[in-house]
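Next come the structures, one after another.
Look at the two complexes coming up: chain A is in both, with chain B in one and chain C in the other.
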Partner chain A sequence: MKETPLSNCERRFLLRAIEEKKRLDGRQTYDYRNIKISFGTDYGCCIVELGKTRVLGQVSCELVSPKLNRATEGILFFNLELSQMAAPAFEPGRQSDLLVKLNRLLERCLRNSKCIDTESLCVVAGEKVWQIRVDLHLLNHDGNIIDAASIAAIVALSHFRRPDVSVQGDEVTLYTHEERDPVPLSIHHMPICVSFAFFQQGTYLLVDPNEREERVMDGLLVIAMNKHREICTIQSSGGIMLLKDQVLRCSKIAGVKVAEITELIQKALENDQKVRKEGGKFGFAESIANQRITAFKMEKAPVDTSDVEEKAEEIIAEAEPPSEVVSKPVLWTPGTAQIGEGIENSWGDLEDSGKEDEDEGGSDDAIMLDSIKMDTGLEVSGIGSQEDAPIVLSDSEEEEIIILEPDKNLKKIRTQTISAKQEKAPTKKPVKKRKKRAVN
Partner chain B sequence: MEGVMLADAKIRAETGTESGPRGPGCSLRHFACEQNLLSRPDGSASFMQGDTSVLAGVYGPAEVKVSKEIFNKATLEVILRPKIGLPGVAEKSRERLIRNTCEAVVLGALHPRTSITVVLQVVSDAGSLLACCLNAACMALVDAGVPMRALFCGVTCALDSDGTLVLDPTAKQEKEARAVLTFALDSVERKLLMSTTKGLYSDAELQQCLAAAQAASQHVFHFYRESLQRRYSKS
Partner chain C sequence: MAEAVSVAADSLTGGRARAAPTVLNQVVLPGEELLLPEQEDVEGPGGGGERPLRLNAGTRSRVRVVCGPGLRRSGDRLLVTKCGRLRHKEPSSGSGGGGGVYWVDSQQKRYVPVKGDHVIGIVTAKSGDIFKVDVGGSEPASLSYLAFEGATKRNRPNVQVGDLIYGQFVVANKDMEPEMVCIDSCGRANGMGVIGHDGLLFKVTLGLIRKLLAPDCEIIQEVGKLYPLEIVFGMNGRIWVKAKTIQQTLILANILEACEHMTADQRKQIFSRLAES
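Our next item is the complex of A and B:
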């Protein structure tokens, strides 16, 4: 699906509003949207909501051999996915420019800032290190993906616990969650991205632009910073020229915002840990607001299954005995055999190209049989005699003409087989069916 | 097939009357559902069965690519996204099962030459994932207001090594089970729309599982009704 274009009057309206220092959602220039962080039941899983933008983060780990030039360092891998759920314009499985840009920025923000101690992820130098993989899925796109994604990534990383390992000589033992408490990653600091949108060649500035604002902006400045006010990454895009003062002002704002967000993250992490320790309920089901009318919960429901055995027996007793099953495979040609009842496969109906060849072969076959029947005047019945029927792969021109002719019938055959399948008429032998249709 | 049945009969004879599908296994885990939680899709729902959670978004009826256009009905597309890594063969096969189920109930002929896209995101997998996907897809389709002949639900049954039937199994139960069967049932006649199975079972057991799934579907449809009643209530 294509993106709905923004109309000119909408664009003018938005720009006018920004000039008048007004935002459609009622925020002030430097206001962030509300951030909500919820955790899943497994470690390293979180959903971050930034206003209506929503990102799902999941961290996983794996033991791999390290890179040759970095024998004592673990590997960090980031993968942001723009799911079609987030916006109809995102196509699955395509690396769009936006996606590449976001992934690069995320890597620079989190890997190159060395916020995770990669040396602590080494198990055996040069042989075994942990590979930490961060998967981020955008679930709903309402602007400022990068901020939401960077928060989700760092929250998921701080929430994650990897299984404990011990090394004795050459032997590496991996402990499950039950055997030993899993260990958290060592995180030095939390870099968080803050985006600034510029309008009218840098005259106006907005923090945390939403989707509408992003579409009318001239340029974007992303600053990644930690709570110690250290800049981890800075990126300006959109080709606007900024003054030194503007950049400094932005970094000051970013410092304030990052401090707020870091505090919020820490509070959320503490809360989750407390609940887990006390053995309370946790997970996404708990984060659903109960008073919302769009949400509904049901407690565990017992299902009365005492009569299923009787029911099953009844059905089996009523049912007709199953048709004879052909257990012996039928050999068509050397290397091509058939088992089952010979009903046509409906898989790959969409992928016609591969099928055409098969069909041709099939019809060819049917014609062959038909001609045999006419020649000999004998009823060829059963699969046993099928085996004896000579199978000749035609290559003469005459034969080719015959192949082209029943092409119209072919469709009929296919629909008939489908309807036959629905009717479940297993008594008829498929071989016979084919012959009759070929005659038709 | 007969060998399996015989072996099964033997097991049943050995365990006596206790082998029947009774006990604590025959209950559904707690359910939770939230609709209309995403702003971009036309309809969305998050469905939770115990710790299993799936988020679904529906776009449609909307513009369709010319290559996918069907002249007399809507093109239904299902995309299932795993939580970790890229979608593989397992996801493709599930997508197909879900799509076939949806196609059976969605009245696509009312919207010819359009596309209806269902995007499913696995949020956490703790057993009965396919059933949860089906339920989430149904709730999202309802939220999007896509015309349907009937509602549908998914129910997973697992059969233990001793033939005990477990409804809505957890990941651990699924792993230990001899067979795992997932059914999709419609709400009007409680008839089977889709079934997929894994493992060994006899035909009697299949019918038992189906009957149990039908009993469980009553609860799921009751849950659907209550949650929609709550949503469209005036107070």
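Our next item is the complex of A and C:
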């Protein structure tokens, strides 16, 4: 598919914004986008996100015979791929100019700077060496591929562990991960590319250009540097004339940026090591943040929480303490006994067999309990004032009424606040009680 | 293709279709089969060997139901082809007896031209008497130079390659080159035509555009209170915005982009903070 063209108004706007030292995403001239490094479950696998640009790095190794002229050196191989997933304009299976340029730059940055000790990759001189292959896949394209790719490559290499080998005589033994701990590669330094975009024939300069800025830029300067401020590669493209002090200034900026990025890489690697050692969760799935479309979700109705605490206190104060469980079976009507908590047995009078009713701890049977306790002479805390109340059990209906008292009264008894109300309640209830009886 | 979809439907829903009204505003998945209410009560789900859904059951009075985006009629069945929430719109009282419109509200970035949609395109080429316009679809749309207000054979509109065009589709069929015009049926521009040379164009998801264009969208009202602005929404996910200064334009563009992943509360905070500054 063809690339979406850049409209004239975008171009004009971008250039004017750059003149005013403003960028589309609110960055300053020398700011990088957010860099995020996450690791896969396997060693040597990482995803580097630079803003929305995203590169997957995967390192693999293989025992091969060395090149003839370098019998004692391992082989490093870099391959960057621009998949169509990254941007529809990338064609699969075709070596575009951009791809060739990026691959070449990566090789110069990482292989020619000798950041990996290739001699340590030799197993048997002239016969077997390790070939380390670094595959980089661009997953999403939003500008500055080279910086993201160089970070991904060096992170994946530092994260990678190759299987251990031992040589005894002519015999080479390759150990699996279970037999011996795999060995990390020996990395001398970490070269990292920093891109500078130039506009208006070098008048304006931006670090880490995004995709649209890349489209309107006049020239690009890429400096690969390590944290010791050693320049590994420098490349200028786009055919602009740069002054000497411009390049010097860029190298100074690059030094600062590289130091920051190296620190970030170290931290990410350490963090991953720690998590692996502790047996925590790691891998890509853990590092992906959920992004939800919430803009148009119906909001929950706001709840007035101003006096929640007071209300809660009130409720707690009003609430009755849990009633003690009577473990002893109590007899409260002739022929009906009760153990523990339970609702009043409305069958009480008719059923003789009802020995134990323990169910549905209701509130109106709590009062019943109280009455029982009194009746059976158990100590009931603080109901002394109620002694006159008709809680004495007998066969008369009037007295049974009390048993069915609503919980309101019960609370009051419990909290020993009122005694008068209790006298009222009985008048309400009898009807119900009688009805029940009628039914039965 | 149709077979593949129906097989998927059977395996997905265990061979049972769900009634459309019961899944309204719920997530539906591609391959799912839906039942419309009028078919549902005729035979009931799973009644007989035939699928219960008949878009035009012979014995019953015909009910006209429109399948919007994300739904497809396959024989006498109604299948879901996109992942999203099922929506329904009651028919307007005038038409009478209709079953309304069903569609799936999905979240995507790739635009597919639809007849009547207003879009923002970028002119990519001038060839003979037509312009090629990139609208973000699978192929560029064509735009006749006569399809501008007041344009005649002699009086050609001043359109350069790279200009922004706001127009609507008159032809948008599958496997055909879509065709745009910048006039309405009366020959009036009606706001369409070449968009000014300043301002910023940016892309958002199609879902966000639809929400922003909804008549009761509060984001636009809030944005309008911030700065005086000119804004154009294209159904193809492109927004062109212009304010007095570059700074303001950038702020507006970033707000609109960020709105998608914000709740109403967060939005209010942002707007109030911006209003203060």
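The rule is simple: the second predicted complex is superposed on the first by the 289 of 440 C-alpha atoms of A that agree within 3 Å, B and C clash if a C-alpha of one lies under 4 Å from a C-alpha of the other, contacts with A are read in each partner's own complex, and residues count from 1 in each chain.
Definition applied: a residue touches a chain if its C-beta (ideal position, glycine included) is under 8 Å from a C-beta of that chain, and two chains touch if they have at least 3 such contacts.
What you are looking at is a predicted structure, and each value in this text was computed from that prediction instead of being measured.
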| item | value |
| --- | --- |
| Touching partner for A:26 - first (chain B), second (chain C), both, neither | second |
| First (chain B), second (chain C), both or neither touched by A:10 | second |
| Partner chain(s) touched by A:243 [first = chain B, second = chain C, both, neither] | neither |
| Touching partner for A:68 - first (chain B), second (chain C), both, neither | neither |
| First, second, both or neither for A:86, with chain B first and chain C second | first |
| Chain B versus chain C as contact partner of A:306, first or second or both or neither | first |
| Chain B versus chain C as contact partner of A:56, first or second or both or neither | first |
| Comparing the two partners chain B and chain C, which touches a greater set of residues in chain A | B |
| Contacts of A:317 with chain B and chain C, given as first, second, both or neither | neither |
| Touching both chain B and chain C, residues of chain A | 1-2, 292-297, 299 |
| Parts of chain B lying in touch with chain A, wherever the complex brings them together | 20-22, 26-41, 44, 46, 48, 51, 53, 55, 57, 59, 62-63, 79, 81, 83-85, 115, 117, 119, 121, 123-124, 126, 165, 167, 203-212, 215-216, 219, 223, 226-227, 230-231, 233 |
| Complex interface listing, chain A residues touching chain B | 1-2, 40-42, 45, 47, 52, 54, 56, 58, 60, 81, 83-88, 92, 133, 135, 137, 139-142, 283-285, 288, 292-309, 311-313, 315-316 |
| Residues on chain A engaged by chain C in the complex (per definition of touch) | 1-2, 4-13, 16-17, 20, 22, 24-26, 291-297, 299 |
| Complex contact set, residues of chain C against chain A | 107, 122, 124, 134, 136, 138, 160, 162-164, 195-201, 207-208, 211, 219, 240, 246-247, 249-250, 253-254, 259-265, 267 |
